[in-house]
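Below you'll find the structures, each written out as structure tokens.
Shared chain: chain A. Partners: chain B in the first complex, chain C in the second.
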Partner chain A sequence: MPVIETRDLTYRYGEGTPFCKTAVDHVSLAVEQGEFLGIIGHTGSGKSTLIQQFNGLLRPTSGQVLLNGKDIWAEPKKIRGVRFRVGMVFQYPEHQLFEETVIRDICFGPKNMGLSDGEALSRARQAARFVGLSADLLEKSPFELSGGEKRRAAIAGVIAMDPDVLILDEPTAGLDPRGRDVLLTQISDYHRERRNTVLLVSHSMEDIARVADRVLVMNDGKAAMLDRTAAVFARGRELESMGLRVPEITKILLLLRERGYPVEPALTVGDAVAELLPLLKGEGAAQ
Partner chain B sequence: MMKDIMLGQYFPGNSPIHRMDPRMKITLTFAFIVFIFVAANFEGLALMVALMAAVLLLSGVPLGQYLKSLRAVWFIVLFTFVLNLFYGGGRTVWSWNFMRITDGGISNAVFVAVRIFSLILYSSVLTFTTSPTQLTDALERLMKPLKVLHVKVHEIAMMMTIALRFVPTLLEETDKIMNAQKARGADLESGGFTQRVKSLIPILIPLFVSSFRRAYDLAMAMECRCYHGGEGRTKMKQLHMSRLDAAAAACSALFCAGVVYCALRFPPALR
Partner chain C sequence: MDYMKAENVTFAYEPQEDEETFEVLHGVTLGIKKGEFVALLGHNGSGKSTMAKLFNAMLLPSGGKVWVDGLDTMDENLKLEIRRRVGLVLQNPDNQLVASIVEEDVAFGPENLGVAPPEIRKRVDDALRAVDMYDYRLNAPYKLSGGQKQRVAIAGIIAMQPDCIVLDEPTAMLDPRGRTEVLGTIHRLNRENGITIVLITHYMDEAVGADRVVVMDDGRVLTEGTPREVFSQVELLKAHQLDVPQSTELIYRLKAAGCPLPDGVLNAEECVAALEPLLDRSKK
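Showing the complex of A and B:
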């Protein structure tokens, strides 16, 4: 059974006013338990509106969101429970930090779940370990941390709730290349270790190519593609027509293929080397 | 949810009232407010109401908007109306126990109610037809004489402009922070009073922090563009008085003279 399923999900902003805009347009899709789903789409394509319906921050104009087969709006009063099971990390999550110490901030979510202090604390420690925050940082004020550390503390605050589904909206935006690498590795380690479902929204095709099992492409409020990562990025021309692109390395291989070379569009540099080396060796032998 | 709050009241348009110089609009609005009080009888007040009706129609703003602006003062008007009803001389029209309503009281109540409504409507015309930037610009110019008294006119105007500019930004920020904390299970809706005040902490602290961050960024950006206060600063949009403004001023002067005439010629309405 899919962990999240949407049926004809539609969301309109400002309904009944002249400024009415359909942000999500009859989207039906299924996110499988345990998968790592990448979500891409240009600005204003409806990605953010879509994911905010997954944890009930926005209520659909029409259609349904099912979590483990149950409509999350069946009992509107219990929507808070849905938010504990579908954890959401917003863009620039460091802007949400408020407590006196980092560890207390990470505990905010678990405490809201009604856990005891001890239980919340042990979960917070574990979450801090996942994102690589060292123990000496935990007693500091969150406002003393560096930008990257703040980001990781904020992500830990959501991971500490131990959600079935973790949604991250552009978690690497504004980080330096090293910070991006480290954070992405931590997220995929977390996914592998916990075996839960992760949804990652990103504008970086390289990031998506590196970590996602499947990719959802949003365009004009519609789900334009939902397929294995390699299959989505093989449709480079279509993606470009939607204002997106494919990873640089994939593009090179796609261009080679257009010229008649027998290569598959690889997603990472390592895979590309594996594709190209035999080809080069073959040519060397021919000469 | 936050975005639904109406920001400012400016109603874009191209009516003669919109095209008037904001300085003239502010000056005339002040004059009208004064003359609403100079008008001591129904004859004078009728002149002010007639002028107001003309201005409202000319402004091209839907009349429903004006009605909405009156909604805010409904209660005050009702309160003064009822209060005035019982104070006034003249013939008794209705009495019960110690309560007594006279024809003078009724006329007083109506007179005061019309006064308050006119006040609100005149100021609504100003805010509906003038954008916030135009308003602060005009205020800066009008307050210039206060420089003699070492009032920092330019700085005050700049602060007002910046404050207005950041209202929508901060609302958006609040919305984002509320969503982020709700996603962590913050409960903003239920609980008693103290519980609710406490639940605001996770929203207010990040909001303060980000306001300061924005203030620093803005100060830096202004300094990078060599901002050094109002000294020698020119404006991209110069304010110009036109024939339209002259006509409006002349017309208003005529009505105001009429009000003064009525005040001298007819007996006062309040008894």
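Showing the complex of A and C:
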């Protein structure tokens, strides 16, 4: 059974006013338990409106969101519980840190769920470990941390609630290449260890190519593609027409393929080397 | 002759309470020529943004000198003259737009400089045309996309008719389309209006289009040169945990595996051109 499913999901802003705009337009899709789904689309394509309906922050204009097979709005009073099970890390989450110490900030979510202090603390410690925050940082004020550390502390606050589904909206925006690399590795490790579902929204095609099992492409409020990552990025020209790109490395192999060389579009430099070396060395050229 | 020059510049932020002084630049010497397009690369904390602020006298060097068009930034009386010459564009467009209508926002700078109203009208129109936002002149900034907002912020700088624009990660918050728009605008201003550009970025593909790339690491200049020269030094950059374009890395790794390929490949097209002859040869 899919963990999240949408049926004809539609969201309109400003319904009944002259400014009415359909942001999400009859989207039906299923996210499987345990998968790592990348979500791409240009600004205004409906990505954020879509994911905010996954945890009940926005209520659909029409259609349904199902969490583990149940309509999340079947009992509106229980929507708070949905937000604990579908954890959302917003863009620039470090702007939301507010507690006196890092560890207390991470504990905020679990305590809100009604957990005891001891349980919240143990969850917070574990979450801090997942995002690679060392123990000596936990007693500091969040404002003493570096930008990258603050970002990780904020993500830990959501992970500490142990959600079934973790949604991250542009978690690497504004980080430098090293910070991006570290954070992506930590998210991948978390996903592998916990085997829960992770949804990652990003403008960086390279990031998506590196970590996602499948990719959802949003365009003009519709789910334009939902497929294995390699299959999505193989449709480079279509993506470009939607204001998106493919990773540079994928583009190289797509260009070679257009010129008649027998190569598959690779997602990482390592894959591309493996793809090209046999051809360059003359082996496999007979095919 | 250099239009902007940093000579053996050190910079330390004021220590807070009992902390020790924290020096972020340890003797940087760097010249920027008039009309040049320079990309500044480096990790967060490498001192890139500090350099940007030193060039328009937002920050003053703790040691050494910074000159802009022959003016010493330490001279308090010259501050306005320097800011008029060097405009600064920051990462988040929402922090830079002040008015509720696009053209009023662009007029903010020249108004502050005391430019006469008819001249302001002309400058605002010209600036908005230069960034391709003229049709949006009566719109509200908050309704624009990120790329459009950033172009309005750039127009606000252009309306002050600066010689140079320093941009600190102007595309970090934009989607691929917004990035393309903003980069296209910056390149056109450089090419057609002769405006000197210093572009601070984390994106290697943005650096590839510059005349010169300066790589900063830990408060020093690690290496500089044309994009081809800089990105040929894959080992040095990797040793400092810096990225290279994926095209460059692919060729580098294939070369390491024994394929006879050229150095300094910078983009997908060049990469394909380099690979094709070799692929054809091994096919036969």
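We adopt the following convention: the second predicted complex is superposed on the first by the 282 of 287 C-alpha atoms of A that agree within 3 Å, B and C clash if a C-alpha of one lies under 4 Å from a C-alpha of the other, contacts with A are read in each partner's own complex, and residues count from 1 in each chain.
In this text, a contact is a pair of C-beta atoms (placed from the backbone, for glycine too) under 8 Å apart; a residue touches a chain by one contact, two chains touch by 3 or more.
Bear in mind the structure is a predicted one, so any value in this text is a computation, not a measurement.
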Which holds for A:173: it touches chain B only (first), chain C only (second), both, or neither?
second
If you stack the two complexes on chain A, which partner ends up touching A:230: first (chain B), second (chain C), both, or neither?
neither
With both structures placed on chain A, which of the two partners, chain B or chain C, ends up touching more residues of chain A?
C
Is A:95 in contact with chain B, with chain C, with both, or with neither (first, second, both, neither)?
first
Thinking of the overlay built on chain A, is A:29 touched by chain B (first), by chain C (second), by both, or by neither?
neither
Do any residues of chain A touch both chain B and chain C, and if so, which are they?
none
Considering only the defined contacts, which chain A positions touch chain B in the complex?
52, 55, 57, 80, 83-84, 87-90, 93, 95-98, 108-109, 112-113, 143, 157-158, 161
State the interface residues of chain B toward chain A in the complex, per the touch definition above.
173, 176-177, 179-187, 201-202, 205-206, 209-210
As the complex stands, chain C meets chain A at residues 42-45, 91, 145-147, 169, 172-178, 202, 205, 241-243, 245-247, 249-250, 253-254, 257-259, 267-269, 271-272, 275-276, 278-279, 282-283
Which part of chain A faces chain C closely enough to touch in the complex?
42-44, 146-148, 173-179, 203, 205-206, 243-245, 247-249, 251-252, 255-256, 259, 261, 269, 272-273, 276-277, 279-282, 285
